[in-house]
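After this come two complexes, each holding subunit A, first together with subunit B and then together with subunit C.
Let's look at the complex of A and B:
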């Protein structure tokens, strides 16, 4: 397109300033909304994954094949501590730690509740789980195998115990015998995740092993990699390090918490519907404007055609008009959208009544949208493409315009 | 006045079709917008209603009464002050649709292979009719027969984790009011399947009298559940039940017992409105644009009408009428389209590919869209109202044309 065509297109655009401004506003409005919503999504998903995984799951776990589904005490990783040490050395990661898992009845002087007990390595657990850092009362487990326990806040409240109080464990051991022990509450953690605070207790791995006759075996070896995108690489490296004889598998976070990715997928699905509707509505707006601007110039186009200007060239001018319109809307939308998003990124975005919902996805009540190249460009880019597509019909109409008839048009 | 309205409406209608392309494009846009509003709302309503129903079923009951300490300390120590017999005496003849008392305590279930912490619920199966999901969810074995039944009914997921099955024995441990550990062997009578793992892992049912005997609380219960006619309107029921029971009883509606679902319903109501407004704004630019163009094209004509003595208010009315007709046609088509899209989906949309994710929301794996008349009315009302407001400025401008200037302006 020559400079002349560009200049013509620009002037044509401003023949009806009000119309152009309204169309621009429609494009910009959708773009601002798209930038903000996509930024909000990007920020939320990352947070949701991190918050959900950091409590207990980690990025990868080594388990006996089948333990994930059945959770049987007998489906073990033999000599968990040794395997964790091998993985630490082999992967070059410090954040690797073993756990053993059992269910038992916890009884205080006044109350009895069932809970899931995790036998953890007091020294390494803080590297793979956020819970040791979320202690509300008391202290974390001492290194070694002392008879002590750390409880979730709701569990401690239900049992009516505080650090220093005694709690009795009753359950069944790995060999089918009766597992019972008396232990002292060392601390109480408050994760804000209802299921964990109500139903989880942690005790030293060695003490757990004695009580439940584990003979050194664990149920999971938790691995936290430096970042989510490194997970596949560490997964196959960990697989290569597993002893060939044992029936062990390496599972990534998506397998361990399948709800997480699916919740995100469901959310993306519904968001996509919203975006698509917005884009289609903008396209209609642009189609309307461009068709009007072509129809009212029928006479003028007739003269142009009669003077020997090709329909293709005229069509190009119309398309250029749309491109200018769309481009302006793109710029305006991206700038305004980025500004709005940045403002909420600092101040935080809250929706009334959202706290309860957010908490069930391990999210805080206030969201901070995240600006990045994709979130700023993706939505407006698609809108731009549809702006051009919407101008296609008005531009193509020129090809079947009869110069004489067109010149006579009212 | 009436004749003027007819003339204005007819003029507006004819004007719309002078530029049929433009009108058709705008009607399509409004149709798509209206369809999107109503269809999306129907999907969201379906999801939330599903969640609320599941939530109420797992409570279950629209209204529950407890000892005021129960929610903080849901144990055998928080018994209702009135015994079973007294509650029956108070509630019988009050005209309640359905009610039942339960024993609801934390417990541990052990098979010979595994141990799990659960909530033990002692029920009277006859009173639970219509209240609890249990009777409809039975998958294996038999349902509980009556309050004296001492069989145990567990979720399928829990049966698998305990590596046990119908007919085998398991041990239930809990505590009595003096905090002595009590335990007893139960025979597994049946398994239920709700599709929600969380429910299947957490709840274990037996006969109410069997649970009372185990816990040493004969004749006492922890919970009264009452079913109303409509879960959306339970406040009257709460007041009624509250009046029937002693003062030291806490009577709460489901939305306070399960804050998550209560919050979900509110958020969804707000979200529907936000969604309608957003779509409307996206549409409004086009609608206003159309009006501005239509007025621009007819500048001379409007000048002529004014010169011939038509009142400015007539012009204003005519332009607003034009915009409202446009919106109304689009809304009618969009609603019809939404209805036609929802109708074949009545049987439910299979979303099992994201079922575990939906479980995080508390929703099941099939989505049943629910097109509510209320939402359609809201959408139509909001769009027409905002449409009216948005078309006022251009209409106002048109009605303020000076006849001579407008007549002489070249089109």
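Let's look at the complex of A and C:
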């Protein structure tokens, strides 16, 4: 389209300023919404993943092959501490720590409850888990093999114990013997994640090893990488550092916590339905505007056809009008959307009823939308494409226009 | 070789059960450089004949030849190209693009023809001067009188230097002074460039300018008068 063609298309748009402004406002408003909503999703998902993984899972775990499914005490990483040290050195990461896992019956003076016990390195665990930092009462585990335990808040409440109280644990050791011990509650953590607060307790790795006859073995070596996008790189580097003889695997967070991605996918799916409705509504608005615009110019188009201007060229003018309308809406939407999103990115965004959902993923109730190239361009880009598609029908109609009949149009 | 040759043209419209013979076996030759008026009462078939000659409407049967080329068998694209490059149309209502200035209206057709921008500018200024609109090129149609708008429409029609100009009731919306000016312009263009004019009208003042007057009634030619001598 040359300069005159562009000028013509631009001026045609403003033959009916009110109609054009309304259509433009619809496009720009939907683009602002899309930029904000997609940015909010990006920010929320990042936070969801980080917070969920920070609680316990980490980005990567080294486990015995099959332990994830079977959870048998005998499926071990033979020398967990040594492997963790090797991985720390080999990967150049401090956030690597071993854990042992067993199930046991915890009893206080009044009550008994089943729980998952984690034997953790008191010094390293705070680097791979947020739980040590979420203590509500008492203190974190001391270094060494002291007979002490940290409980989730709901578990402590159910057992009716507090820091300083004694708890008896009874389970099955790695060698098949009874594992039994009396331990003192050092602290109580409150993660906000019901499943963790109700069912997890942590003990020093050495004390756990003595109690459950682990002989230095672990069940997990947890690795936290600097950022989520680095996980694949660290995964193959960790695989290369595993002892060849051991039957060990490196699993990433997606395998370890599949529910997280499923939840995100489900949320994306429902959000995209809303986006699709929005885009279709905008497309119909543009279709309506362009169709009206073409219909009321039928006689003019008839004259042009009579002068020898091809329907394709007239269609190009209609498409250019839509491209200008969509392009202007795209620019306005992206600029306003980015400004609104940036403002909420600093101030945070919350709405009623969000707290419960947020708490289930260990998230704060205030979200911070995250602007990036994709969140700013993806939605408006799709709207722009649909704006052009919506103009196809009015443009194609010109191909069926007969000059004589068109010129007779009122 | 005539500029226009029509052979046994038939065009019938249906209005309910009634058949209306808009063209009833019309045959005629128009010489190159001719200045012809088609005169008929409303519904007499003059516009239908004009549309058939210009390839805007296809006859049910018969042949139309322009400059020795048969055009009633051409496809849509070829007909559009014929109209763009060899035929100029002037209509009763001027139908200028309201958002373009007079000069831009004229240039728009040239742009479609692929004329370079500098050449378009030169030719549009020249043609607007020729039709008496010098200095009014930047005005939009709404700021021009009916006569001025019709002159822009004429400029648009002849800017590509067509060999044939077809005009359908070109003076219908003009006062007598405007009509006279337009007809004098047509005569001047006809004499200066040798452009063939075929004008459909029922205005006796317009007919007076014609070298040849063809009277039609009910789709037939009932009279063919050579007025060149008079």
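Keep this in mind: the second predicted complex is superposed on the first by the 404 of 410 C-alpha atoms of A that agree within 3 Å, B and C clash if a C-alpha of one lies under 4 Å from a C-alpha of the other, contacts with A are read in each partner's own complex, and residues count from 1 in each chain.
Assume a residue touches a chain if its C-beta (ideal position, glycine included) is under 8 Å from a C-beta of that chain, and two chains touch if they have at least 3 such contacts.
Predicted, not measured: the structure shown is a model, and the values here were computed from it.
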For A:25 in the superposed arrangement: first (subunit B), second (subunit C), both or neither? first
State whether A:89 touches subunit B only (first), subunit C only (second), both chains, or neither. neither
Where does A:73 make contact in the superposed view: on subunit B (first), on subunit C (second), on both, or on neither? first
Now for A:306: first (subunit B), second (subunit C), both, or neither, which partner does it touch? second
Would you sort A:7 into first (subunit B), second (subunit C), both or neither based on which partner it touches? second
First (subunit B), second (subunit C), both or neither touched by A:385: neither
Max touched-residue count on subunit A (subunit B vs subunit C) belongs to chain B
Of subunit B, residues touching subunit A in the complex: 19, 21-22, 25-26, 28-29, 32-33, 36, 40, 43, 72-75, 77, 106-108, 110, 112-118, 160-161, 163, 173-175, 179, 181, 259-260, 262-264, 266-267, 270, 275, 278-279, 281-283, 285-286, 288-290, 292-293, 296, 351, 353-362
Please give the residue numbers of subunit A that touch subunit C in the complex, ascending. 2-5, 7-8, 11-12, 14-15, 299-300, 303, 305-310, 313, 403-404, 407
Under the stated contact criterion, what part of subunit A meets subunit B in this complex? 16, 18-19, 22-23, 25-26, 29-30, 33, 69-74, 102-105, 107, 109-116, 157-158, 160, 170-172, 176, 199, 258-266, 269-270, 273-274, 277-278, 280-282, 284-285, 287-289, 291-292, 295, 351-357, 359-361
Counting only contacts in the complex, subunit C reaches subunit A at residues 51, 54, 56-57, 77, 80-85, 87, 89, 91, 93, 95, 97-100, 104, 107-109, 111-112, 117, 156-157
